[in-house]
Structures are given as structure tokens and as C-alpha cells.
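In what follows, a structure is listed as C-alpha cells, so that the remarks can point back to it.
For clarity, chains are labelled A, B, C, D and E in written order, and residue numbers in each chain start from 1.
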């Protein structure tokens, strides 16, 4: 479904990604692991068209999207729930959710989807008229996720969705991610909750200093000595 | 009288009571943890202590003096430093300059501020990034920068708001190390964190709140086993 | 430096005018008039001074006085002009005058009407075609004494140099004659709505209004008086605004019977006045007002002085200017020292009135082109 | 790096001091004097707007106050307007205190527009309080000194003082605090910085030097009226133009910007007739589009990049 | 009493005119946070378009408005796309550096108008330019009243547009976080362009409606820019309703000031009210309007 082939990405003249390749198949839940600053967010931004790719290609559903502008990538069904939430702080919760469903199909089902999102995160329903900027950190994270779901994505990209959430919610989020994936949405996930995410995923890639150094199923990687040492501190 | 004391503080935002007659004390040298579900009012407590918001009601004492009437910048001057959950780096300044801006609180000399800042940068393991502009740092490093900057102001009491969020288990270990090291220099710490592993590992005592009210207070293990905490916060018992 | 060698020798005169910015309309009109006059002089063979052609060097002051100073400095130091002229706004004229005085270069003011300019005892500054702001009302006072005889008068004026100077003189004149000034207010130009001021003024029941306004404020004020149905026996404008073609166009029927003081009208008796008006209109497709006439007359004064100058040096020209005694379309011009003024021509002023869409001279009686209408009919009776 | 700066500064100072040996024509001197005046105002604005990030749309208030302080001395008391060079900056600084009190409660565009409002209020007051200010009739003096050389060197001294003061402020604790406030006011507060007080530390000298420039202006141009010295577009906005053309929050930016503004403006004005402002406008657009950080700002960025590259290549070699 | 009534009526109508001029600014500065010193110049260009329609083709300004709006929409789009947009993408020390660009644009527009139309004062006299209705002894200008209602209608439409339509919400979203809007599939460069276009079109509408009762010359824009700023801020940046109320407050304050203090001080009264509002309602009038 998504095929990243040998991409290089730089910020001005600092190269951050080197020959990164990986794939996400239809219906899969794939996790990208890596230390701080290893280039995970950069990879995701390159996929969603926010950063130019210097070398290599990115394909989605057989279409080359390497050079596509960000909004077109979203239109194809790749929805990115960004790191650091990136809400619209002066818009209400409801408006933020509405912003998630701009494309025709999503818009047609706006009401239903929103109901589902509200079931998933009841606090959003309570606060639907509050400005997003005044929500607590965790509430904001829920809204960011909810907003992503509103687009009925084909491929949902999530950059550390559990960041700053209370343990009970982290569990819930992981469950929801699994649910969403179970309902047929392909998911590409970046997470620091290494154990939980590896337990959850079908396959995972490990990124170090901008290069893919390991790949395998979640179980395999959990057993991998390097992963154990570098990420689990065991 | 305790080293630091919060007495019956309340904060209302319009109709919403974010913090509701909350009281607690912190002893010198302690690492005091605060946990609670998202939106339970933890950050608001910090904002009240550091006077980013005025109190609706209540009193706050530090070293026996009432401090809830002081202006925000004075809070730092008397020795209470803080970090922000949503990081606020001085974007176009380098890491060194960021930390120097903090160090100037205790000195007027460029040389001394620089020296102090360099020490702290080393202490926090940011030496590699010293000359980088803060805006180019990834979020976890920005969080560490927040700590360094706050340390540079020479606090006696440090408020850390989710400085470990976004770290993987290995990195969390390092962060815990850093926090311990800070405590070992004699600084008292109040910490907010959602990663229970971190909280359990370093806190001397933990306060759990929900809806701005205390639901439990005590040794980490006691709090983690408190039924209400489990229900509202942990989901199931922390093992 | 006359090191121009083979090039045809020229007598350079610097003209500083606002060619951009909000005063540019007048700058353009004056520039056109200068050029038209120079062409005429050339055609009549009067533009060559001892074999040297008069050449006008125009500089844009953008309506800013520091730029005016730059222009003056440049013209004198760099271009070596023999004298300066121009200056539309009082502010710029003031600054050019100061620079000219400091550089010992004759400066002939075209329009600037600030009293101060010729009241500083500056020997290098001359004002011919323009009157000091406080002297615009000569004919009006004659008419007020003989015809209007108002008890209560209202005074409004734009808070500019010209406005405040005129108002100050008018106020003093009222006091001298024991006329009640029931309303006396300055305003900031460019307002959309003058009605609060007008309504307030109406409540003081004046018989006559004297209003010193530039251009479009004049139209706004009279239009809004009509909209308020505010009647007075006579509305007299002071200076610029109320005599311009744009005033009539914008105020429409509200301009009827509005009177104004002025220095010039096309149908004034001075020789060449109506020729100038017609020629300008034909050439530039637009009616000039008295600012154009001032520039046109100034060009003739300059040519006259240059031709009489014994030598084309600053002192030579200064002396020639001092000795000027000629007729222009603005009337006779002589540079005299009087009432504290230096090198100031004694202006002739008129009262004009819009009648059936035409500006008629109604005072002084010996030069009138139509009889005055006084008191003017009420709005609802027209 | 630091030595290079000092050498550059000394060379520039030498150049400025010796310039009149080569440029003797009064007209050229006049242009230089105008550049100096605008450099001073620009440098003063830059301290508050550039370093502290408090963009003011109302600096005409201080300029006008300085000018009027000089003018009114002469007008009311027949005291030499040169005393205005002392009174003007003091008056502007004194007024800046209540202005700071009002405006520093506001942030961002609210602050900018509050300053605009204050600037306009001063213009209107000075226009309407005719008995005190002579209103729109302005103040006309005959300067006692007419030679350009004197004004040039006095102006140069004034500029040197302004540059030096701002340099010292910027490269001290205060400077760090001002930049911190600009970058994030909340973070600055959390570092114990009394933000309002420090903003005043920037406003005060900023008003002082703007007032000084105003007083100098009165003495030099010899005529002022409220509409000129309190002008919104020709003073308050133009100073922003000067600083941004040259480079915000750079030492030399305002001076370079002033030189461009006056020199290019004058060049176009004397060569392009009535199209001069149009061409100038086009140029302003082009400069800011292609050099969005101003001339000096872009040069600084290039130099930083070059230095970084040198460093990495050195590191790579080792 | 008549005087007071007349003053208030004038104030309200004037406020309507102010709101009309400022409404485009609400979008450009209030929502998009672009401090646009060329706003008045855009109003001026709109007025010239309407003027030409009237003089050359006899088209009534109220209809000419519908020609001026698309023309200015187009001009606004070009300005945003090829000029301002460049600056949105660079990280400069002061985001206000676009202010300078708008100063340049202002100069270019003004001087271009001068090149084409000369500096002459122009006006459009329609049959209704001086129409008045009387309420007792108090007169009400008909074109101003019309302008007032149109201003209110525009305000309402804009408010609904921004809060109730996807494009409107996308405009606000883009202003608040450009990248995040892109994540949601918003073509943010197009949206900013359209926004500037709409803002310019609204400026033109204000100009067209003002034309029958005001006048026109290339530098007229200065008058409008400062007022629009003040109204937009008074209303509380980005609130359309706030801006309308801001216009009214300013209009009434100035009129009362003109009647009861002096015409020369009316602007001071307006500015002082402005400062007071800022000091005591830091978020502008929107904080009242909203609740």
C-alpha cells in the first residue's frame, strides 16, 4: 500500500534521512521505532508531503506521491496525526473535528463519524464548544486523534499518539488503535511505548541516525538484543 | 511550618473549577510527584504556584513566607523554577543563550552567566547541542533544555511538568538519572509525569488528583494501589 | 560654474513642487502653468536673457519638508540654479525659504501663504502672487461692513497653517468690529461626517458662516449643511476649497449661492486672465484654479526680473526682484515692506459667489461680474 | 569574530569622520545628515522593536516631542533651540514612562496599534493646543549655524552615542533579557525576568534617542509642524521601513537601511520625476521579498551558515 | 435633545461606514494576522474601479460594486500569491516584516493610480447622493443608511462564512496553524490567497459604497488604513461581530466628541476610547459580544 524506497531528506543542508526504505501493506499496523532525533517524524513528514524528498520515491496505492504537495497527499487518504498535536487553538473542539472531515466522503459522514469519536473520547463531547487551546494536554491529544479519525483515512499516520496521556488513556488509545486497524484502516505508528507498540503491531522497523537498521515482526524485535539494550534499557 | 505549603487553593475558569480546595506540603529535599488524569488540574497547580494565573482562593507558602501575591517573575527570584508542559524555548537563541538567559537571574556579569550556563549544559548532557538554535531541537531535547534553563536560575524548588513525555524507556532512565542528580544537589522537586515507571521510581511521595481534588497522597506504592487512583488513572493495578 | 562649454547656455531656475503625495494635484497644475507660461515667453522671444535660455528645473518635494530642503540644497549646490521658486504647502515653503535665506539665493514663493514666511525679515524671500493667509479677507470685510452686517458669526477652519492663520485674523477682525463669534472650531481634514459639528453650530443660530477649508472638505461641509437643512443668510468660504471646479462638481446643487474669498477668478479684469484660463483648459483638458494662475503669474515675474537683472548673480536677481513693478494675471505685483512683511506684494482680494453653477465676482463692486444674492434663499425654498 | 567586528567598526568610524574631506558639496553633506538622523531613529526603534520585539507604530510621538522641546524653547522663551538637544530626549523619555505603563500591558498587534493611537493622539494634541504649540502654523526658526560640517559632525557624534549605547545594552544582561522577552514572554517570566520593567528599559533609551534625533531635526531643518514630526506614515511607519530594509535586531541594520532609504529615495526623486515614489515602492517590495531579513540580516545569516559549514568540514576532517 | 439625537444618529451611520471600510481588514489582519498597511490603498483602487464604471459606462456605484469586488479579489489574490506568500514561509525575527511589504504595495498602488488618473479629486454624484430622510428635526442620510445596512449584512455573511462553512473554517485553521491545515488536506497557499482576495474584495465593496457620498484621489487610502486598524483591534482581532461593534463604538465616540468637545478633538476621543477598551478588555470588544 505504502512503499518508501531509499529516501534521503535534509533540512537546509543537514541531511537527516539516509536511504530509508520500508513498506506498509494494506490492513497492516506497522510501527517505526527509534531514539530521539533518529528521524521518525522527519520520515512521516516526508510521506505526507511537508518535506521535500531529495532522493528515492514514495508510492501509495501504486501511485508515486514523492512530489505531491501535502494537501493532495491527504486527499488520497493518508491522514497524519502530527507530533505535538498541532490543533487549531482558537477554534472550538467541534470545529477542529469538522476540520478533519473536509473531503467529500468524510464530509458526507461527518455526523456519524463525530458521534463515534465522541463515544471514543466522551470528554470531547463535553467540551465541544471550548477552544482547543485551553484544553489540558491530554485532552488536546485526544482531540488530535479524533480529528484524524474524522477524515476516514485509508492510511492513518500517528506520531506518538500516547504522548502525555494518563496510563489509563494510553491503554485505551492502544486499544483504539488496534480497533481502528481491525476495522480495516492501515496504520503507521511512531511510538516510544516500545513494549506496548511492539506487542500490538504486525511489523516494525527500527530507525537509527536516519537509517533503517532492523526490521521484523513485533515479537521478533521484542526479543532482539539490540532493541532490548538500546530501547528497553535491559 | 513546612518547606513549601499549598493551602486550600482553588482556581476557576469561568464556570469550570480546575483546581478545588487542594492542599499539600512538600519537605525540603523531597521529590514530590503529582499524578492525575488528563485535565485534572496538575498543570494548573503549577501555573498557580508560579503565578501565571491568579488564585481564585487559597494560600501558598514557601519557606514560611506567603507567596501567592507575588508577581510571576518574583516567584523565580525567590527560588522556584519551572518548566512548561508545552515547551517554550527561546526559539532563535542558541541552547547556550537560552540557559544564559536563566543564569542572569543570579548575576549581572556576562562571563559568570556564561560559565554557569556551560556548567549546567554539561550537567544536563546538552553539550553537543550548545551552539544549536533552540528551534531546531527535537521536542525531547527541548524539554531537557527547559530543565537546564530552569536550573540556571538557581532554584531551590523546581517544578517539572512532563519532562519525560516522549522518551522511550531507555531515555526515561537517563532522565530519571538527571532528576536524581538534580535532587542530589539539594534541590527540592515537584514533578508531574504520566509515565508511572518514572513516577514510581523517583518520587518520595505522590499526590493523585482528579477534578482538581486530592484523591490520594502517600508513598508511591500506596497511591498506586489506591482503588480510586486505579479507577480514575491507572486503569488496572500497576504491577 | 559655467563650465558647460559648447552646450547652449542656460539660465536655470529651480521649481520645487509636490508632484507626488496628497498635494500632487496642485503641484501638477502649477507645473503645467509654469511650462505653459514659459512656452509663451519663448514664443514671444522673452525667455532668452542675454542669449541664455531660461530653463526650469522641477523637483518633487513629495509634500514633505525635509525633502523640500533636499531639493533646495540640490538645486542650488548641484544644479547651480540662479534662483528658486515653488513651494505649495506652507510647511515646504517655510523650509525652502529658510534654506534660501541661509544660502543667499532668491526664492519667490508661489502659493505658500503662511504669514511667517515674509515676516521674518528675510531679504532673499519674495512673495508676489500669493497673499499671507491673514490677508485673504480684505474684500470680504468691506462687503460684510456694507452689506451683510451680521450679528452672530460662526467660524470653522481646517487645522492647518492656512486655516489657523486665517481664523486668527478673522477672529481679531470680528472682535474689532464687535461681531459675536458664536461658534469657533477647528477640524481635521478628511472627515466623512461633519454633521455633529454642523448640528452643534446650528444650535448657536449664526447669521453667517466663515469656513476655511481645502478642497473636498468644502464640498462635504456644504452638502451636509443642505442635508441637515441648516440655513444661514450667507455662507462664505475662505480660500482654496470653495472656488475650485471640484467643489462645484462634488457639492452639486449645495454649492449654489456659496460665497468665497479668493485671490483670483478667470473672469477677473486683469489682462490675460481669461486667456490663461481658456488656454489651460484647452491644453490640459481641465479647468485651472487660482493656484495655476499663481504659478503662471510667477513665471512672468521671474522672466521680468531676470531680464532686468544687471548680472545673473544672486544679488543681481535679488535687486531686480526688489524693483519689480509689473502687471500679471494676478494683478499688479510689487515687492514691498509693510506691516512687518518683507518683500510682500499687496494682494487684491475678491468675494465670489456660485450663481447658476458659475463663479461670479460679487465684490469689490467696481469689478463685479454679477450682483450678489443676499440673504440666500433657504434650502427648502429653492 | 569579535575582533573582526571591532576592526570593521573602527574602519567605518574612520571613514565617517574623514568623509567630509572628500564629500564637500553642501548637498551631499545634507544627504549624509539626513541619513544620520534616520540612522539614529532607526537604531533607537530597533532596540525596542527589533531586540525586545515590541513593534511600535508610534515612534513619531517621541520624535515629535524631541523636536517640539527644542522648538518651543525658542518659541516661548527665546532660548536657543540647541538646549533642546538636552530637553528633547529628556522630555521624550519622561513621556515614555506613562506610555510604557499603558502599552506594555498589551502584546503583539495590540501593542503596535496602541502605540499608533498614542502617536496620533500626540499629533492631534499638538495640532489643537494652539496657544501652547502654535498649532499647525508650526515653529520656524532661523538657524544660528548654517554650515553643514557642524551638523554633520554633531550628528555623527549623536549616532555614535546611539550605536554605542544600544550595543552596550544589547550585549549585556539587559540585551539577553530583551531578546528572551521577544522570543517568548511566558518563558522569560518563568526565568524571573520582570518583563514589563525590561521592556521599559528598552523603551526609555529608545524614546531618548528618538527624541534626541527630533531635537536635532528641529535645529537642522529649522521648521516643524505637528503634521510633520508626529506623522504616522512619514515617521512612525518609515522608521520601520528603515529598520527592516537594513535588518531587524542587527547593530548596523538601521544605519544601512537609513542609507538606502535616503540615498535611493533621493536618487530616484532627482532622476525619475513624478514616477519616483512608484519606483521606490517597487524596490521596497523587491528587497523585502528577496531579502526578508533585511540586507544586514541576510548577510549575517550567510556568514553564520558559512561558519557552520567551516566547522562541520573541520570536524569531518579530524 | 435634537442635537443629541442628531449626534447619535450621525455616530451610528458613521460607525456603519467605518465598519464597512474595516470589514476586509478583519479578515486580513484579524484572521490571517497580516498587518496590512495597503488596506486603504485597496479601498482606493476599488473606488477607482467603481468610478470608472460610473463615468465611462454610467454604471451606478451600487452595481459597480459587484464589478469592483471581483477585480479587487483578483488583485488581492495576486498580491498574496506572488508577494506576501514569500514572507509567510521564511522564519524572520519579526513576523511583522510583511508590514514593510505592504508599505511598498501601498506606495505602488497609490502611485500607479496617480499615473493613470492624475492626482485630481474625483467624485460621483448620483441621484441619491444627498438624499435624506427626516426623523422629526433629525436628518438621516439615505446612502449612509444603506451603507449601514449593507455593512451589517456583510458582517453577518462573513461571520457565517467563517464559522459555518468549510472554506471559512479552513481560512481560520490555516491562520492558526498552516502545517496542521495541510495535514487535514487544506491547500493552505490557495486558502491564504483566497482570503486575501476576499479581504480585498470587501475593501472594494467598502470603497464603492462610500463613493457616492465621499470623494476620491490617489492618496485617500491613508484615511482608511488607520481607522480600519483601530476598528479591527477594537473589535478584538478576527471577530467579525466585534469589528462591526468596534466601528459603531468608534463612530459614536467620534460624533459625541465632535458635538460635545470639539470637531478638532473628535479623533482624540475615538483614540482614547480605543486605548481604554484595550486596557480594560484586553481581548477587545469581542469578549463582550461573545458572551
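Note that in this section a contact is a pair of C-beta atoms (placed from the backbone, for glycine too) under 8 Å apart; a residue touches a chain by one contact, two chains touch by 3 or more.
This one's a predicted model, so the numbers in the text were calculated from it and none came from an experiment.
Between chain B and chain D, the least number of touch steps comes to 1.
Using CA-based centroids throughout, the chain positioned farthest away from chain E is B.
Rounded to a whole number, the gap between the C-alpha centres of chain A and chain D is 49 angstrom.
Computed from the mean C-alpha positions, the centre of chain C lies at a distance of 36 Å from the centre of chain E.
Our note on geometry: chain D versus chain E, Cα centroid distance of 30 Å, whole angstroms.
Taking each chain's centre as the mean of its C-alpha atoms, chain A lies 29 Å from chain B. Across the assembly, chain D contributes 124, 127-128, 274, 277 as residues in contact with two or more other chains. Within chain A, no positions touching two or more other chains are listed. Counting partner chains per residue, chain C shows two or more touched chains at residues 20-21, 24, 28, 159, 186, 188.
Of all residues in chain A, those touching chain B in their complex are 11, 33, 35-37, 41, 83-84, 123, 134-139, 141-142, 160, 163-172, 192, 194-195, 230-233.
In the complex of the two chains, the chain E residues touching chain C come out as 2-3, 6-7, 10-11, 13-14, 17, 111, 114, 118-123, 125, 129-130, 132, 134, 139, 141, 210, 213-215, 217-219, 222-223, 254-256, 258-259, 262-264, 266-267. Those residues of chain B that touch chain D in the complex are listed here as 50, 52, 71-77, 81-82, 84, 88-93, 97, 100-102, 104-105, 107-108, 110, 113, 149-150, 152-153. Only residues 13, 35-40, 43, 85-86, 136, 138-141, 162, 165-173, 194, 196, 232-235, 238 of chain B touch chain A when the two sit together in their complex. Taken in their complex, chain D has these residues touching chain C: 25-27, 30-31, 34, 124, 127-128, 130, 135-138, 140-143, 146, 217, 221-223, 225, 227-228, 234, 265-266, 269-270, 273-274, 276-277.
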